[in-house]
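Both of the next two complexes hold chain A, though its partner changes from chain B to chain C.
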Partner chain A sequence: MLARPALPSFDYVRANNPDEVVRLLQEHGAAAKLLMGGTDLFVRMRDGVIRPQIVVDVKHLPGMRAIEYDEGAGLTVGAAVTMNQLARHPQVQTHYPLLAEAANSVASYQVRNRATLGGNLCNASPAADTAPAVLVLEGRLVLHNPQGEREVAARDFFTGPGQTAMRENEFLKAVRLPPPPEGSAGKYLKLGRNKVGDLSIVGVAVFAFPDGTKPSGYVFRIGLASVAPVPLRAWEAEEVLATHSPGEETFALAAEKAMEAATPIDDVRASAAYRKVMVRALTRRGLERVWEALE
Partner chain B sequence: MAELTSNPVGKNTPRVDAYEKVTGTAIFTDDLPFGPGLYYGRLVRSPHAHALIKSIDISKALEVPGVKAVVTGQDFDTRIGLYLVDRPVFAKDRVRYVGDPVAGVVATSEDIAEEAAKLVEVEYEELPAVFDPVEAAQPDAPLLHPDLGEYKVANFIFPEPGTNISEHFRLRKGDVEAAWPRCAAIVEDTFRLPHIQHVPLEPHVAVALWEPSNQVTLWTSSQSPFAQRDLIAQSMGIPHGNLRVISPYVGGGFGGKAGVSMEVYAVAMARAVKGHPVKLRMTREEEFIGTTVRQALVAHTKIGCDAEGNLLAMETEYYFSGGAYNDYGVNIVRAAGYSCTGPYYIPNVKGDSYCVYTNMPIGSAMRGFGMPEIHWGIEQIMDQLAEKIGMDPAEFRRRNCVKTGDIILTGMKMPAIDLVACIDKVTKAINWGKKEPPSAPHKKRGKGIAIMWKAPAMPPNPGSSAIVRFNEDATVNVEIGAQELGQGAFTVVAQMAAEVLGVPYEWVRVSAPVDTKYSPYEWQTVASRITWSTGNAVKAAAEDARQQILALVAKHWNEDPANLDIKDGIVISYKSEREQPLKDMVIYGLPNENFEGWKGGPIVGHGKFMPTYVTNLDFETGQGPRAVVHYTVGAQAVDLEVDTETGQVEILKIASAYDVGKAINPDLVLAQIEGGAVHGMSSAFEALKFDERGRPLNPNLVDYRIATAADAPREIHGDIVETPLEDGPWGARGVGEHVMVQTAPAIANAIYNAIGVRFNDLPLSAEKIFMALQ
Partner chain C sequence: MGIHSITVTVNGAKERLDVPSNMTLLQMLRDKLGLTGTKNGCSAGECGACTVLVDGEPVNSCLMLAVEADGRQVTTVEGLAHDGQLSALQEAIIEHNAVQCGFCTPGMLISAHALLERAPRPTEQQIREALVGNLCRCTGYLRIIEAVQTAAKKGGA
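Presenting the complex of A and B:
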């Protein structure tokens, strides 16, 4: 019923190379869990939700804690880069301020010293604060497996609460983001019960940039957290914004569509009804803020 | 060396514990070393809100390697409790809330104890449960304590056997029925407060050692080392002299560490493994449901006033959800009864305050002790009455608030206070009456005010004592049994002792930890009573020591003690201008002429204080000459914004003013005011939630959101009013609890001012506010 006083016992292995990780995953199957920051894993172990026999620490593998930016290739963030590392990285702040903003909204400063981008995404909580940003920035997840590696688009990654497209013998090595489009702007709005440290009741990321090929002259992307089994894009809302000229009416219509895309649940944090209308309110607010920045 | 502070009373001396706490060297109970013989305990808790225990099988748990003992209710015959002895040491024949301990497992590690606890097999027969106090008070409600009539109870508490009512306090004054027709405005409504928890930084922890010689020691994070000694000694059949309670610093109490909660389980488990200390500590989750909570309340209240705004009558019923055991909670309900009007003079009053058993966590002391609960409704009704007759709510309060010399609801004459001055201070600080613009078009701004009173709620005769003794260099040790909870008790007693003794503040140490074997008696560190009660004892002890010193030196100099004084650690004579440093005499005494013998000796001063004037109240009417020792009063005003698109509230400013009689340390008073305002915000915006079977939904810090530093208002303004208390040291009275009592209704009044919507039920979630706006 209640959480244990401390973690149950388990074996800890610090992995030295990617192949060792794959071998351990194949050997132990579901009894093995990967450790990065541990801010979700250990909580779930203490709560008795999971009880892995072996915990494989992957954050010391080469490249796992590196952030690399290249004008042509874009940004590569090692899966074990911490939220604080990400949020204060100069090139992330300059070229991907939306990602920095989202990372900085996760939990509290102390937790952000441990929590990682990869962990946040692989944990696949519908409330993951970085997921909407990675979705609208069209990120791709680099998965290591026995064959080498493969990339999965963020939009295809989340398959259910706590479920991802990652196979049992795979692990996340890095997240790649394409170079930011010229003149882009973004905003992440998070509704919590208090100002710091809460899980999102609703999270909305808005990202936009000029694009002459669109009837409206702009591409707008909207990512939602905490309002469906998985973090998701509000495709119909985005379509409205691609086809209607930006302004109050369009934003209201798009916000309505975003609300329709949300299929939230009632829980101890908020009701589904409140969450839905908050998607509308925050989407409209996010669109207005981003539009101000674009203009 | 830092500068020395003479005559420190009224000055902002630094806390005596500041350095230890800032550097992390302060010792708390869980830090104490106990060596390799230490065992750990874990509790087996009921998954049901109400059930009979058919059987308990501990055999599988006992087989686990490392398990040393398993104890159950069958091992103990007695109950425990402060005012009403209603709580078994472990649930024996029935469980009464989700989390009720049915067994304790002792093992060589916490992990083993936890694993083994899962193997204790308990067969239950579920019973109908009742969670709402109004339902539970009905004659046909499921009965939680069929044996209520057999429980030992304090002579001022009145349970009603055969029902779930563990206390019923009646207040009858004047004639309410005759007064209603004379009222120009009447407001009648029902207000509800949910359970909340104290959320101390340091969860409960206790270590007990039962020696083979039957000497028992309990190390505990406690506001009440002496009360714990008394209650545990009685219930476990230990002679008081054989039970020693040692309590290091307490990492926050707020009432949750008053009396006995989980500590008795540690002692019970230690008895089964004599010679080994047993450590029992609550997880954060257990802290929420396995220690104590603030009682929930349903209040039906009706108040009326005439066209000029004079309050004429009040009728109220308070139904407190006391939870499974009301051993401490009954006195909260009594306090709510004898203070049921709030800080107002009302000539006609009919009040009924009920403590009702419910299948909920144990309701017990929490900062304010019944007052935040009753002020939630009262302070909103006052605003509504003011609005009805077209009077400014602050002016309405000035007119009706209790004043010095008033004969208040119990028939007691109100000791000197100045609540009007408090109202004046906060209205000025908040720019009362000035409508200010919100920061954005989708926001609405509002201001609200609320006032309060609270008396220390205690038995009539809780005692304090103190010892003051000198070291060779004339530094001083003050010994008290009162506890440092973060509120600054040790600092103010050091200031008081230094002031009386004429030594610099920096020379005074306060002996810690509190240890019932060595510390002088103190009832409990509760009820905002320490500055006043322990302060009086320390002042008396220091005066005793001072008189010993002056008598000795006067004899030595052949002078009249009346001409002597002590300044900065030196005895001086205003007549002969002679000087005698304390350091040369407070231990060794003084030599006679030509060293023909000596006089004096180590200086040790003793002091005590106990109020002797509180009377019992009439059972039928609640009337009596002196219901309480005194009241502390205060006002708060809130300036806030409501985001109409989300329902979120941002508190821009809270202004508080309290009449503390005399601020022994003004900075510490202001620190209480700041902490109280933020604590009050938490009480307005968050609550414990339960499912339909009484199981907690948010017993953790993920989903029980207390206000953080980031949520605190940009400005918390504090004002201190000083109307001396007749029997307070330097006129001081307590202010530890009062600072959060009326915060929630002040916020609710400000929200009404902003958006025109009233909320009768807490918590004020953003969702609730948003939905009300639709």
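Presenting the complex of A and C:
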């Protein structure tokens, strides 16, 4: 006996080229769902949240599982690259340790062998662990559509819980990250009910680097997860950090602003009130840690 | 619904199977091949009772389709022993009495086996993190961790 019902019936199609995917999306609309790791898709299908008639496996398309790094162009991560693949990739570890840290914080080792960066972003959970990292690293999402390709900045991608700027006839091919600025440092702080393996109650990514054009001499970026309908940047906090010299007082003020940017809800994992104060605490801690690494 | 002809190597044996689109790898192993060592717990990737190796890496077989296993190598708990000889890890699990009801054990063995393959001398922290996706509701974690440490000392998986 299965603990939950088996997967409802559907037709599995392994896509061989991007145009085939677009054609299937146009033909079947919402009745078609794309499959990469399946760690969210199959759970939702079992729960009856979605009932696709056709499941299109896109992870075998060219480039979908490739990681490419170029000093000038930066990093290109295929949408179907798994969390473990990302976390242990030498150039990701060297040049984008924040992204490796975020990928490694997702669920369990065996889930990370299937869960993909693209799936994490496209499912657009407010709690998506890689979202704050991709936001503060100023990632761009490469979408394939009938006209060819377009890029959307991560900051414009998330439009609501489970909602993205992706149109019905588009799918995510890759995520591009610019080369890391000279002397940068980052940290992802995740608060869960357990030390590892859980969804986040609050997730805070901090990324910073020296920048002589800012009054403070630094750019700090802050990305938040699980505390609003979408993963988001704490813009006002970032403005404080660009204009006030770094230190305890500035970090406290910025953490206050980050807390104000958070509009969490009460749910099974934590109350809204607790989430808000933890945004403040984790932002402050993240700023201190990143500042130590910068100095 | 589509039926797919796949070729998959399970515990070293090549199998040619016809599987429907919605059949999971877990269902294929248990219902088609009779390999009932792999358990179904939550069907949602939380408990790890269904963990098997695909091309040497642990995955939740309840969240993978049988058709996706086409051309791949799958190892289940039945594949850990060789020529009637239990693996060092299996021996250590017995030695430490690290089994109570036993439902989580196959998944634990697979996850721990994979850990010892990639990190032959893991720290306790590494063991704990590697097993975070395998839930034991008899709460026997300590003995399982000790068993993995013993297996590591005796030369690995």
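Just so we're on the same page, the second predicted complex is superposed on the first by the 291 of 295 C-alpha atoms of A that agree within 3 Å, B and C clash if a C-alpha of one lies under 4 Å from a C-alpha of the other, contacts with A are read in each partner's own complex, and residues count from 1 in each chain.
Definition applied: a residue touches a chain if its C-beta (ideal position, glycine included) is under 8 Å from a C-beta of that chain, and two chains touch if they have at least 3 such contacts.
Bear in mind the structure is a predicted one, so any value in this text is a computation, not a measurement.
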| item | value |
| --- | --- |
| When chain B and chain C are modelled together on chain A, clash or fit | clash |
| Chain B versus chain C as contact partner of A:196, first or second or both or neither | both |
| Touching partner for A:209 - first (chain B), second (chain C), both, neither | neither |
| Chain B versus chain C as contact partner of A:110, first or second or both or neither | second |
| Contacts of A:235 with chain B and chain C, given as first, second, both or neither | neither |
| Touched partner set for A:268, first chain B, second chain C, both or neither | first |
| First, second, both or neither for A:11, with chain B first and chain C second | second |
| Contacts of A:281 with chain B and chain C, given as first, second, both or neither | first |
| Chain B versus chain C as contact partner of A:55, first or second or both or neither | second |
| Which superposed partner A:38 touches (first chain B, second chain C, both, neither) | second |
| Offending stretch of chain C which, after superposing on A, collides with chain B (from 6-14, 24-32, 60-68 or 96-104) | 96-104 |
| Residues of chain A contacting chain B in one complex and chain C in the other | 2-4, 6, 8-9, 194, 196-197 |
| Interfacial residue positions of chain B with respect to chain A in the complex | 42, 45, 47, 98-99, 110-111, 114, 281, 283-286, 289, 645-646, 648, 685-686, 689, 695, 697-700, 702-703, 705-708, 710-711, 765-767, 770-771 |
| Residue numbers on chain A that touch chain B, as the complex places them | 1-6, 8-9, 191-199, 268-271, 274, 277-278, 281-282, 285 |
| Complex contact set, residues of chain C against chain A | 1-2, 4, 20-24, 27, 40-45, 48, 51, 54, 57-60, 62-65, 67-68, 111, 114-115, 128-130, 132-134 |
| Interfacial residue positions of chain A with respect to chain C in the complex | 2-4, 6-14, 37-39, 42-43, 46, 55, 57, 84, 107-111, 113-114, 194, 196-197 |
